[in-house]
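Chain lettering (A, B, C, D and E) follows the sequence in which the chains are written, and residue indices restart at 1 in each chain.
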Amino acid sequence: MDLLSLAGLALAVVALVAGALLKGAGLQALLSSAAFMIVIVGTLAAICVQTPWAVMRRAVKILPWVVRPPAQDNAAVVATLVEWSSAARKQGLLGLEPKLEDPELDDFLRKGLQLLVDGSEPDALRSIMEVELSVREHADTRAAKVFEGMGVYAPTLGIIGAVLGLISTMQNLADPARLGPGIAAAFVATVYGIGLANLVFLPVANKLKTVVQAQSQLREMMIEGLIGIAQGDNPKGIELKLQSYIH
Amino acid sequence: MDLLSLAGLALAVVALVAGALLKGAGLQALLSSAAFMIVIVGTLAAICVQTPWAVMRRAVKILPWVVRPPAQDNAAVVATLVEWSSAARKQGLLGLEPKLEDPELDDFLRKGLQLLVDGSEPDALRSIMEVELSVREHADTRAAKVFEGMGVYAPTLGIIGAVLGLISTMQNLADPARLGPGIAAAFVATVYGIGLANLVFLPVANKLKTVVQAQSQLREMMIEGLIGIAQGDNPKGIELKLQSYIH
Amino acid sequence: MDLLSLAGLALAVVALVAGALLKGAGLQALLSSAAFMIVIVGTLAAICVQTPWAVMRRAVKILPWVVRPPAQDNAAVVATLVEWSSAARKQGLLGLEPKLEDPELDDFLRKGLQLLVDGSEPDALRSIMEVELSVREHADTRAAKVFEGMGVYAPTLGIIGAVLGLISTMQNLADPARLGPGIAAAFVATVYGIGLANLVFLPVANKLKTVVQAQSQLREMMIEGLIGIAQGDNPKGIELKLQSYIH
Amino acid sequence: MDLLSLAGLALAVVALVAGALLKGAGLQALLSSAAFMIVIVGTLAAICVQTPWAVMRRAVKILPWVVRPPAQDNAAVVATLVEWSSAARKQGLLGLEPKLEDPELDDFLRKGLQLLVDGSEPDALRSIMEVELSVREHADTRAAKVFEGMGVYAPTLGIIGAVLGLISTMQNLADPARLGPGIAAAFVATVYGIGLANLVFLPVANKLKTVVQAQSQLREMMIEGLIGIAQGDNPKGIELKLQSYIH
Amino acid sequence: MDLLSLAGLALAVVALVAGALLKGAGLQALLSSAAFMIVIVGTLAAICVQTPWAVMRRAVKILPWVVRPPAQDNAAVVATLVEWSSAARKQGLLGLEPKLEDPELDDFLRKGLQLLVDGSEPDALRSIMEVELSVREHADTRAAKVFEGMGVYAPTLGIIGAVLGLISTMQNLADPARLGPGIAAAFVATVYGIGLANLVFLPVANKLKTVVQAQSQLREMMIEGLIGIAQGDNPKGIELKLQSYIH
């Protein structure tokens, strides 16, 4: 559970609400169905046009990673791989077969272990696992970019909302008593657009991209370890190599 | 048929119309022949200057991919390639010749199959098919960028429309009764520019780019499978390798 | 002759003029020596500071490519290379010497042919021709970027023009009769800057970059063909390989 | 101690304060709890959402590098490596073991020296140390990008602050006596956002990125030197090679 | 001496001064100590925070390259290298030793010649000289980016200046006689920021980057020539290869 991101989201609400009250804008002035329609529904519309169905589904699925990233205990993975390499030297690669039944085994590592047990050559193992890594990383990065896209569209749609509001307000240009609230209402869409983009969409997209990169780095380490086992390298050497990935 | 993109386009219209009505801007205020001329005709002009004829034709041709992307049944392609590899091991590469007559065979795969049947060396096969892949990907990406270009030009032309409107309106600066509607009309061009760019052009361009990338990834898988067949690898090994591309 | 780009430039003028008239801004309001001075002379100044003399000369030289790109008959080049490879297999590489006298022979191809006739090794041929390709592509891309630079500077200088106009106008703030035309005149520089950038400079730069890339792709095909001839590959195989470049 | 960056930060304060006084804005007008809340707390909120805990900790840890970058005496490192290579040729790699006890030895160099003393092959040494380098560089670059992210979010949050202020002020549109100070207060958030981003966050992020790159370049030199020692190259040759890294 | 850049700087002054006069803004209105303080001192402050001392010194040192780029007579370098290769084939590499004493010999070429004379292997020569090239190119590019950084900070600081001016002016909102000049003065900072960035900083940075790239390209040619000499290639072949770098 990544409390920092949760705290950040809470702090964002505090900053906006306290800021609005301190500015004297009031919270009620910020409720606007028109702004909701244009900025939020519009951003959803733009992102639906842009995103294939499979990517959208993946985006929804990895969204919780913002506050609960997939477990990443690099040191434990190193320990597991070193233990496997000892076992393989004692009992042969087939001796690793029972490990496949561990229900908590990481998905990616399981696929590599299966290849090991099936007796794949180190080169074949590397090329298959690297495709696996890059296809998964590519898919997850595209999913993270769904939120980046929303962060790009929301502020510009906020401007459309403001302009539509100004167009409507300009009919009362001669009457300051009605002009003021009109302009104020027009600007609300801008707050929605910039606020959502900079306090939610873009930070979420960047967090997800960092999580995806960290996962790929861990998987690169797994591949190195699996190759070492397939080559029958000694466990000490494998440990030394894998530890370069931990910092 | 990708319903999500169609739904997105419909939702975009809803967001804009409902937003305009809720803001009280009215739909009639949004109809402007001047804004049409400057933003839409202007964007077409800019994109025509920028785009060679062949790229423009390709852009028009792949536009429908937004709602109807080329069929991408990765699992079926894996099955086909595995079946071919079995057939080739039993009957030799020439045994694959009848498959060339399948009218539903993918264009790219057919070229590779032709090379296989003609007895190309694996290395030659790879280098020819990789050029084929990159030339096609390059052409389709450039076609997708036509819409990206329109998404870049439309908002700035919207600003020109607004400024021209303001220039005309400034002659009535002393008369608020005429000033208001003038400013309102000036802003309409901005709505056209930003709206078209962010609800149509940019999402369409990004969708097309994603479709083109997915196609290239599928084609990389096809190349791997064809190489495996040319090398006489066993079908089980080929299947294992190709499945890394499916996620 | 690429009519699309010419039509685009004409359409751009139509869009601007019709838009200005429909907005009621009038064409005369758009004539401004101050805006000309700041935006057009200023853009020239910035681009002169930025660009070495040789690059500037090349930029002027390739500008006509926008409407008249260098001939690019890929199929004819394939046919020529295949014919040469047949001739070389029959008469030896020296048999190609008379082709050097063809006055219509492409510059780049002539250099490669000269190397062939001189008996260069395939590896030397490739490394020399790849340097040739990349040096030329680099020079032409830098030349195309001259117009991109103008497209970046023009709008910001348009803002300077507008601000200078507003500074001058602000002295009449209390007199709407003079304030309005002042503000209108101030904005003209913005129209110059954004219009030139988005309807001329940027589309021209992008068109040139596309032409340069297409030329490089054709030259890559030429290199492949020349290498094939130098290696004595059979003409059928060369044709197969080169056709991957045509789409 | 890098006095230039310290002087820069002092100069930034001088420029802002003197500028505000010369403009006649007064310093008191710039104190605003609302602007603080929205811009500073909001930027913190956004960056907390975006940044995993480990990256945040690293960012705080390397922040002092802005004024006190890690020691980088390239010439001294060359001298050390050349001295080691002489010692290794005289006494064997094990003769380097006592150097490991030098408490001032750079962390990265120590790891490489340990590998040398343990008798790693040059290829293994290179691959382990290059992973070490890239993992560290990647982590430090991500830490530096925390400040870049703050530099991106601060100005847009400044705009939210200004818009909230304008919304509140528009209720007094008819009363210039209250309207003026209201607009003035609204703009303060913009000053906070743009000022912090351009005088603190972005320069700090760029300085850190430069420091990280310089460190990586030094480490590349260390790897070259260690490989040379592992291969038993002569000290003169190693010195010649390493000196290319110093400029 | 590159007159084009000098002429560009002169033209920039003409464009601004003539534009200001034609707009009727007057030159005196453009003199502002507050704008100077915020934009120019502020930009210096930001760049000092961002830039390590060594990079700053290099930036100052290469600034004159804008109007007086380092001599780049590619054809003369080819001639020199071809002459050296002839001499080396007649008298051996040691026969090149006297050339080291030529006081006008380019720095980079001298280092390569020294390595040749010392009898370095071609591979060692290439790897040392490529590190030399990339370290120098990297350092000079970072120095050029100092001016790019100034071009990024100046306009945003110009906005701060304008906002501070508006904050101060808003206290006179009810008095158009004082409001107008106040707004005018506020905008001056924008002119400073955008003008300096787009007429000086960015063009200078781009010019320097082009010069640095041209220098690297020349040095790549030098390396090819030196390798050819080290391998004892025949002078005719070296000339052919080097001429691909000249266009």
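Basically, a contact is a pair of C-beta atoms (placed from the backbone, for glycine too) under 8 Å apart; a residue touches a chain by one contact, two chains touch by 3 or more.
Since this is a predicted model, take the numbers as computed values, not measurements.
With contact taken as defined at the outset, there is no chain that touches chain D as well as chain E. The minimal number of chain-to-chain contact steps leading from chain C to chain D is 2.
For the pair chain A and chain C, the distance between C-alpha centroids works out to 39 Å.
Taken residue by residue, chain D touches two or more other chains at no position, since every residue touches fewer.
Shown here, the protein chains touch around one cycle, each chain meeting exactly two partners. Passing around the ring starting with chain A, then chain D, and so on, the chain order reads A, D, E, C, B.
Contact residues of chain C toward chain B in the complex are 2-5, 7-12, 14-16, 18-20, 22-26, 29-30, 66, 69, 155, 176-177, 179-181, 183-184, 187-188, 190-191, 194-195, 197-200, 202-204, 206-207, 210-211, 214, 217, 237, 240-241, 244-247. Residues of chain E that touch chain D in their complex: 33-35, 37-38, 41-42, 44-53, 55-56, 115, 124, 127-129, 131-132, 135-136, 138-139, 142, 149, 152-153, 156-157, 159-161, 163-168, 170-174, 185-186.
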